[in-house]
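Alright, structures below, take your time with them.
In what follows, chain A forms one complex with chain B and a second complex with chain C.
Up next, the complex of A and B:
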């Protein structure tokens, strides 16, 4: 009983703001500023969302976000898939250390990296480029993605690969014909996870770009530097939250088995 | 078809020695079972034959070819896994045809051979299904079909029946025997189930702690276990063991068990000559112990009726003996009964090394005296 109460409170704590943003985003501008504001928007309208999308720079920022996310997925998968496979399949000296080491990188405060990173990127000509942002996002996501991918590959029985090899496959063929097709849904989940991480990342994106801002960076800039109006903020928030919500719902099964242990 | 020869195979995992200098020969068309408790190294031996594990020492020969370092796919072996390892994303047909595809067999020939092997295993009606839609027994058949369809030189099976329930296991055991008779493939089969080993194997290699303890026909292993371990591991209930002292009277050795006196079997005369007044271990199967007559006395503690027979637990001289008697025998728990250990049923072992004393027989057995071929 107490557990349920706690769970409900927690859920409400997390979900209420999201619900309020969602409702505000489909409320018309006049209603948004009226007091008292009706809880349920009358009528439901896309006017605010459309206004947001018409603002200068929004569509470009959205495009930038997508480009950065795509590049991040590409890089993170290319790096994490082999690493995850190795962690899942091979027993080598220092395996545990690598696994733990991956997590400890997340303990390092990104803020401390900000200035050196900006300087380095200026030197390398990566400052204010989408590739630069994607590189940072890749670095941020790789530790998690490696662990997810490892858990996905662990889910594919070794005996399947061995059976394929005993039937004439090389190790690579066995991976290609048996392991990969079976791991595909899990790998897709990992890619989606990377997408969300990149889509919502604001710190590095704000810091390392001026003209090529991703959506979160663009929003932060609009709100902080230019004091964007309330309805603009709601609509922007809505666009930021939407993909994450949809996607988390789709991949929660893989998140729950992240370390090979199913949490129920 | 081909023979398998293992030459002083050695394998370690970290500091643990999994397989210690195992040498073994499986003749062309022979069905050999590797039997032993879990962790005895039997599966590791099989995996080294399959090429899934590289030995630290020794060689594997298949059909006169040294395959020790060859990739699994190039050894021409068919393997059946304990978990069946069917590819879940492929239909039964594609599962069975997988090995043929990897070998570049033309499509028409693939279909013909899959049909042929499906008939043999009675899975013709399942070819369009996915593995998830099959029962355990059906999966088992598909796994065997997939291994057989490539017509491998040797067939390797790793506990293929352990995931089936008792009734299915018995059915499939008989089926595997039929299959072996029809296909005649050289087979190496791993199990921890002694009943399976006895019923399937032309010869059985009993393994313990990475070594082959005894390699012989099931009957010989049952009747003449090379060590106390083998006697206790094979047979249900296991062999009984009682300490005895060797006595000599002129040219006749006899065994003193407690105060009782038993004739020593002839074949041990030589071995007992050096053991005058020393202790030996008497091993005797439950069905050889005679109840109702004899110089020993025991108290019946437990009676278990097992159909046509019943199993008694009898305490004598502080030891518990298992004795099987006919269900009609009128003994009740609490009865005090006389016991006899007939000469023909007695096996003698060294109490310290736990090795059988009739070494000459064992030496012949390990080097592999010919067993009956199917």
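Up next, the complex of A and C:
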């Protein structure tokens, strides 16, 4: 009984703010500013959401965010998959060094990297480009994705790979025909993790872009530099949370494994 | 060992693992290691002549916002992290009881994992702002007649409280994940044995579970404290620059004042603080066996 009461209280603590931003997003602008402030929207309206989407640059920023995330997934997977496989399957000198290196790079993300990278990107012609942002997001995700991929490959039994080789497959063929198909769901989960990381990254994207902002960078700029109105901010928050909610619902069964691996 | 055979075959081609690791290692060297060193360099060199200078560090330290930024960053961390650990421990222990419906509970508690600091800031803004839900509710239950501004410079206590609440809401989830994983590693018989010998649930928790959970608590504390130094979007959305923080100052010095050198000085400071915290936790929270 006490267990249920505690569980319900804690669930309410997590869910209530999300429910409230959803409520704010379907409340009309006029009601959001009225005092006494009505709690329920009367009536429910898409006016606020439509206003947000019609603002100059919003749809483009949404597109930019998706493009950056897609490129990040591609780059991060291409770079991390081989390293993850090596950590899962080989014992080699320097293995501990690699793991320590991953742990260390995990510890020092965006805040320390964004400024020097912005300076370097100006020189390299990557400043204010979507590719530049994707390169940084890749750097932030690689340490995590390597760990996830390593645990995915550890989950695929070595015996099957060896059986394939004893039946005449080369190591590469065995990987391609046996290990990879079995690892695919795990790799897809790693890609989703990368998507969330890129979609949510605020600091580097904000510092590295001027005209090609991702949605978080666009929102920070609107709020800090332009003092965007409240209903704009609520709708922005709503659009940031929505895909995250959908995705995390889809992968709910892998949640703990996925994030559990990354914090080891 | 049954896998001795394939270990042999793998030792016969020792180049392969290095080739597999090389791309990601090279990438991280260019995009993480190099910028980290570059940040230090930027903060101590004169832009035109390239000579060493302490001018940028001096500008950072003498800036109006520097000490408040340092103070607020530490204060918010000191308030939020213990609350996150306590709340996460409650969630993890509840999950561990395996009550019917615990998978849903776990899922709900994990939702903020996918919510960014910016989104969390905007969500809680809808509660704390002058026309927000908190005021609407207080009005309805009759505790207020006119709206109270929680996010004003006149009420720094509320402002910090709002930021701490938002951070606790957002980042408890990652601590919970660490603790749930840690609890699963502890054999159940330990707690059961203690209970058989008459220990109350609280004593079992204090004398058996928590000591065994120590490595996980350590991991969680390191992760949370280091991430807390990067506190940015939550604070900016709720307070603008009323509550200055280190990462926020990095942003303002780069984007507003167009000074990458002072911004780098802030970035370097964040870097050093994170390294120091990691070191301290690793050395103070070591388990006795490791220390021996």
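Operating definition for what follows: the second predicted complex is superposed on the first by the 225 of 264 C-alpha atoms of A that agree within 3 Å, B and C clash if a C-alpha of one lies under 4 Å from a C-alpha of the other, contacts with A are read in each partner's own complex, and residues count from 1 in each chain.
Operating definition for what follows: a contact is a pair of C-beta atoms (placed from the backbone, for glycine too) under 8 Å apart; a residue touches a chain by one contact, two chains touch by 3 or more.
The shown structure was predicted, so the numbers you read here are calculated from the model rather than taken from an experiment.
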Checklist entry - Given the touch rule stated above, what does A:247 touch, chain B (first), chain C (second), both, or neither? => result second
Next on the checklist: So in the superposed three-chain picture, is A:105 touching just chain B, just chain C, both, or none of them (first/second/both/neither)?
Outcome noted: second
Checklist entry - If you stack the two complexes on chain A, which partner ends up touching A:178: first (chain B), second (chain C), both, or neither? => result first
Next on the checklist: For A:162, using the defined touch cut-off, is the partner it touches chain B, chain C, both, or neither? Pick first, second, both or neither.
Outcome noted: both
Next on the checklist: Just checking: does A:170 make contact with chain B only, chain C only, both, or neither of them? Give me first, second, both or neither.
Outcome noted: first
Checklist entry - Counting only touches as set out at the top, which of chain B and chain C does A:149 meet: first, second, both, neither? => result neither
Checklist entry - When the two structures are laid over each other on chain A, which of chain B and chain C touches more residues of chain A? => result C
Next on the checklist: Counting contacts the way the document defines them, which residues of chain A are shared by the two interfaces, the one with chain B and the one with chain C?
Outcome noted: 162
Next on the checklist: Residue numbers of chain A touching chain C in their complex, please.
Outcome noted: 3-4, 6-7, 10-11, 13-15, 17-18, 20-21, 23-24, 32-39, 78-80, 82-83, 85-87, 89-92, 94-95, 98, 101, 105, 107-120, 135-136, 138-139, 142-143, 146, 158, 162, 196, 199-203, 206-207, 216, 219-220, 223-224, 230, 233-234, 236-237, 240-241, 244-245, 247-248, 252, 255-256, 259-260, 263-264
Checklist outcome for this item: In the complex, the residues of chain B that touch chain A are 50-52, 71-74, 77-79, 81-83, 85-89, 98-99, 102-103, 146-147, 150
Item to check | Interface residues, chain C side, partner chain A - complex | outcome: 3, 5-7, 10-11, 14, 16-21, 23-25, 27-28, 31-36, 38-39, 42, 87, 90-91, 94, 97, 99, 101-102, 105-119, 121-127, 129, 131-133, 135-137, 139-140, 146-147, 169, 174, 177-178, 180-181, 219-220, 222-223, 226, 229-230, 232-233, 236-237, 240, 246-247, 250-251, 254-255, 260, 263-264, 267-268, 270-271, 274-275, 278
Checklist entry - Once bound in the complex, which stretches of chain A touch chain B? => result 157, 159-160, 162-170, 173, 178, 181-182
